[in-house]
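The same chain A turns up in both complexes below, where it pairs with chain B and then with chain C.
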Partner chain A sequence: MPSDTYQEIEISSSFSQARQAEQTIVTAAENHGYVESDLFALQLSLEEALSNAIRHGNRQDSQKIINIRYHVSQERIDIYVADEGTGFDPTNVPDPTADENLENPHGRGIMLMRAYMNLVEYNQEGNVVHIVKLNPKSTKSSCKNHE
Partner chain B sequence: MTNYGPKIAVSREGQITIVELLDEEILEEGTINVIADSVFSVVADGTGIKLIISFAQVRHLSSSALGMLIRINKRVEESGGTLKLSHLRKPLLEIFKITRLDRSFDIYNDNNAALRSFNS
Partner chain C sequence: MSSLAITIDKRLGTTIVNLDGSADMSEVHTLRNQLETLSTEHQNNIIVDLSRLNFISSMGLGSLIQAHRQCRQEQGTLCLVNPQEAVARLLKTTQLDQLFSIYHSVDEAITGENK
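What follows is the complex of A and B.
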């Protein structure tokens, strides 16, 4: 089995660079034995986290950077996505499943991350998101703070 | 034969129009906007359209893609038409269920089931 993967990537506020970063991390997860359903969940959650960082955090300003730190082990995956925005209050996001919001074309990204990841948490400012995916095949995995 | 762009394939079964999405991944805004514009062109070609969107080729979609479908559905309804979705793989169907959008869209296992539903 490969040793743990620790990496830090910086990308500009570019959707194509975000895709490349996603692929790098998903490949690392695959190499550590995560199954297809985990990889699907990971790609979806990364897509949402990075899209939010680009669109809402950095306001699609190509001069602004997104920092991605990730750690992949057989037991768990930890990813930190930091944008250069002023942040937001993640507790103040409308429920996209409420009847009055179902026809809203936006606002489902955080909900999907929470549905597919074992942990989604923000720093106090709201400009760094930490997502955790545990490997269900591992008996050692837990959601206790890794870093 | 009208060309609706490289992201969709359009066919007709009688009065019913089938749009097949050709990308495996419908994630980023650029792709989504191109697909949306193509489908809007199809919808604009006739009032009261009976439209099936097939996801047979699609393996990944983002919340922005869901937003695209909501906008398409609204445009179809405004023109007096009906939209149905088909061939959603199990992981994608799960996304619709988590977001409760399985209640906003008519979803069928395949094109034949969706076609039959228009005739019932």
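What follows is the complex of A and C.
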């Protein structure tokens, strides 16, 4: 589990609260010198992780919470998003870029996180996602687990 | 915090939806509701001007896809205009640049030239 160097935010299954948490982390990254394209990638991936947790994990039950732990340094950003759902198998998600899925309005979140972050991994149950963004300007960046 | 402003113009039988700001998860319902309203009003030739849109996630993209399908069912079209660099990259990453017609300007979208 993340060490005590992590900040923690707990929100209910609310898009407005999730948006505030997202802004807090993006601002922390901005203050650590991440450039605009990294901030877009971070915001996008956070948005996908949090909206998945609200809609699919907690099924928009306002009584259920989402726990966010994050650590931002000049080298890397680590974020864990945990919901109270039963989880899912992230290897069993259809490819949204396949011709037959291109007109499906849903199902792009995991693909986008994988495209924009350096690491996306789930716990065994599939209700905690860990996403990592390395700072390309840092020479010390590594995807090795930072705990 | 950036919010989403939507304005609607009409030109030559086409509805132009101008998006300004961020179509994030706390704002995307505004976009979805607006596009659903246009569908209810049978406005099925739509140009979405993305030149002032600085952020959109998969939920917003889903609303555009849904509207695109609605327009096509009514023999209309929905096309996109002038996405900013980050949004253009997102459309390419998701391969939605193959689903939507994307133009450099509203004028070109109206005439269907220079995609």
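Here are a few things to note about the model shown:
Following the convention adopted for this analysis, the second predicted complex is superposed on the first by the 142 of 147 C-alpha atoms of A that agree within 3 Å, B and C clash if a C-alpha of one lies under 4 Å from a C-alpha of the other, contacts with A are read in each partner's own complex, and residues count from 1 in each chain.
Convention: contacts are C-beta pairs under 8 Å (C-beta built on N, C-alpha and C of every residue); 3 or more make two chains touch, one makes a residue touch a chain.
A quick note: this is a predicted structure, and the numbers were derived from the prediction, not measured.
Overlaying the two complexes via chain A brings chain B and chain C into a clash. In the superposed model, A:E103 lies in contact with both chain B and chain C. Looking at the shared chain after the overlay, A:S37 reaches both chain B and chain C. By the touch criterion defined above, A:I9 reaches neither chain B nor chain C. When both complexes are overlaid on chain A, the residue A:Q23 reaches chain C alone and has no touch with chain B. When the shared chain is aligned, chain B and chain C each come close enough to touch A:E47. Comparing the two complexes, residues 15-16, 18-19, 37, 40, 43-44, 47-48, 51, 96-97, 102-106, 108-109, 111-112, 115 of chain A contact chain B in one case and chain C in the other.
For chain A in complex with chain C, the touching residues are 15-16, 18-19, 22-23, 36-37, 40, 43-44, 47-48, 50-51, 96-97, 102-106, 108-109, 111-112, 115-116. Residue ranges of chain B in contact with chain A, taken from their complex: 27-30, 60, 62-64, 66-68, 70-71, 74, 91, 95, 98-101, 103-104.
Put simply, chain C touches chain A in their complex at residues 1, 24-26, 55, 57-59, 61-63, 65-66, 68-69, 86, 90, 93-96, 98-99. Interface residues of chain A, counted against chain B in their complex, comprise 15-16, 18-19, 37, 40, 43-44, 47-48, 51, 55, 96-97, 102-109, 111-112, 115.
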